[in-house]
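Quick notes on the structure that follows.
The letters A, B, C and D name the chains in turn, as written, and every chain counts its residues from 1.
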């Protein structure tokens, strides 16, 4: 246990011990890019369901986190949109999956606030629209703001380009997106990384997520789906 | 003008056109480390005073931002502490300088909130202490939080290790501290950099402050004070 | 309308003229995506993508894609010199702080007051707002690129939106295949008409009164 | 007390024994800074500094300093393998999220309930709280290292603090040159006494009642 605090490398099987049906799961990624493929496959393989998932979007039906939606494993989604995943739309319309929307920038801040141990943030984004419905308001210097509450999850999963044994993480270009925010907001955070290096091999300046926020690192088996643009190109 | 939007390199003289007595100035740095030396010297040389300054601390009497305090140029300070600068303490005690304290983590979040266009954040840090005095409170899910309001400034000054012509910034180890937060919170942000490279020479992954937040970059003439530990060592 | 010229291309070409050197610009999905193709080569701009890029560039050549480097629509991009990557809070901090000079978005409805509805048709289409509210509410200039009318001929430019708003009073300009309209304090100003349409045709196709100046420019 | 052994060294050496392998630890200024010198070499910990370092290491050799790489007290440091740099929001996010296993701080007063006062003496010393409130309120374990009594002999460990609090009910353990005290639900438990003092001496020097178990360990 103590050993694991300095060397956090584990296997997918060890990671899966933290997952159970009915849990709240937060995930990094944006349109599938940055969704952690091996951990999602692990959840599928182990039959975990009744999930509440929190992340930017539900990707596409056969891509990333969308695969959990398509497989009927998701009870509730908190996201900024589900537009790229028609299956999610159908499940919502049929009342088989609950969906809660936040404006994207607000959602990102809510996740960060959870990760940073804050109660929430104040924003005027969404004032005068249905996005303000049911939300507490606060006046600051004569201006009105919405109280947007922090989000955390029992487990957070992220996809990193590189990790070291201590759990320091570096991301790949625009796959950064929600990943560093989500990495902070899990009570347990599990990262899958395309490459795992020894502690000390990452430059302290390049680290985006300090290992303090990460509980386990597993090797990624890589993306196991076809991107939309690949199938478009092929035709 | 349009030209300056892609090439933001300027001189100290050009930078100083944005400074005036009575202004609100935000500065990066922590205990002097990361305070921008050339811009501070420029303020001293041009006799700018009656400043409201916002930053982590007032450094030391002869170091960094502390030099403005020592020279009597500061009307008000918003900081987390002034403990390392006895001159600041004297001026406060004599009623010659107003001081407003925030807990350090809260101050950092207030500056970031300003830079991010938020109204503020909710935190429970300081509940049950004098730090909560005069502050609005909000209940979220049955828990009480303080409303900590966003901070911005007319001009923000930061010290970078490297900048490119577009104003993308990279910092030096622990001189990062408040600098990336302050860089976002200025209505005008001016960075001085130890090295200025052509746009395209920085790796997009290593950039800490995107150039969108930076209005002008000037070459730094380097630290023009003696650090406390240097004088200790010399003796 | 010219044979072989898609209405989308007409709109995108005209919208590109609004972009000035040095701007930070966010292009929405659909017609806005096409705008970049019509930029004059002597104009340098920084394209902002909500998924965490400032300075995204053209599509890579086939086979050169990095699947992790995509625009907000999920398609592979490249980056230009000066580009940076950041997380989604910074992407939206840039928006919320008012640093986007221009956003070009699509619309379901635009009102004469500049109200925009572009994300939800209650009971029918509820995809979530994504970044639309942040973009519409916080950009310095919001340009709507849209077909002038719905498929049934009904106007998309109306006195008052019937759909839930993305943001009230946020739109500065509407560019369609028929006209360029500016949102003013006292209503819509007809700035330009497309060469294939008359002022009267545009007025009839629009669901709100238009102020028509003495001289209305023509665009292609 | 041994001749030549500073009380600070006694306290720091004892405090070092509380640190376990793998912990994330923040050391305050003063006595806490000395604690790192007494760590067993087979224990690896990550020292956290408020100015944005996780994994700060020993002082560099003279002449090898990077003046930009300092601890929160402003003195040059090195970093250990696995270290990272980050801005001050992340430094305090780590604290606020409860990821600091231990903070070792100084005190002006500690109450039997674990209340801590360590930053302000109204009218006399008003230096600002710096990161003290965040650290005291949010660390998993707060250890106070302090001289047992003030210079005038009055107790620093009291029934109730007279100074404004840094944080209420935050202290877990107090380590002085005379004793190790644990803050329990029902008051202070005397865990250990220093070899140069008797239990009675410690009780007399303390401004709050002490629970004394049958066996009290002795430390050096």
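One rule holds for everything that comes next: contacts are C-beta pairs under 8 Å (C-beta built on N, C-alpha and C of every residue); 3 or more make two chains touch, one makes a residue touch a chain.
Owing to the predicted nature of the structure, the values given are computational and were not obtained by experimental measurement.
Let me spell it out: compute each chain's centre from its C-alpha atoms, then which one is farthest from chain B's centre?
Most distant chain from chain B: C.
Compute the distance, rounded to whole Å, between the mean C-alpha positions of chain A and chain D.
Chain centroid spacing, chain A to chain D, equals 36 Å.
How many angstrom between the C-alpha centroids of chain B and chain A?
Here chain A and chain B have centroids separated by 32 Å.
Indicate the whole-number Å distance between the mean C-alpha point of chain C and the mean C-alpha point of chain D.
Averaging C-alpha atoms per chain gives centres 57 Å apart.
In chain C, what residues contact two or more other chains?
Residues 53, 79, 85-86, 89, 92-93, 95-96, 138 of chain C each touch two or more of the other chains.
For chain B, write out the residues touching at least two other chains, lowest number first.
Touching at least two other chains: 109, 116-118, 123-124, 173, 204-205.
Which category does the touching pattern between chains fall into here: line, ring, star, complete, or other?
Topology of the interface graph: other, matching no listed pattern.
Pull out all the chain pairs that touch, please.
Pairs of chains that touch one another: A-B, A-C, A-D, B-C, B-D.
For a test of understanding, state which residues of chain B touch chain A in their complex under the given definition.
Touch list, chain B to chain A: 109, 113, 116-124, 136, 138, 140-141, 143, 145, 147, 149-150, 170, 173, 204-206.
Okay, in this complex, where on chain D does chain A touch?
20-24, 44, 46, 48, 53-55, 79, 81-86, 89-90, 92-99, 138
If you look only at chain B, which of its residues touch chain D in the complex?
30-34, 56-57, 60, 79-84, 89, 92-93, 99, 101, 103-106, 108-109, 112, 123-126, 128-131, 161, 171-181, 208, 223, 227-229, 233
Show me the residue ranges of chain B that touch chain C in the complex, using the header's touch definition.
Checking each residue of chain B against chain C gives 2-6, 115-118, 164-166, 168, 184, 198-200, 202, 204-205, 207, 210-213.
In the complex of these two chains, what residues of chain C are touching chain A?
49-53, 62, 65-70, 72-76, 79, 85-89, 91-93, 95-96, 120, 126-134, 137-138, 164-168
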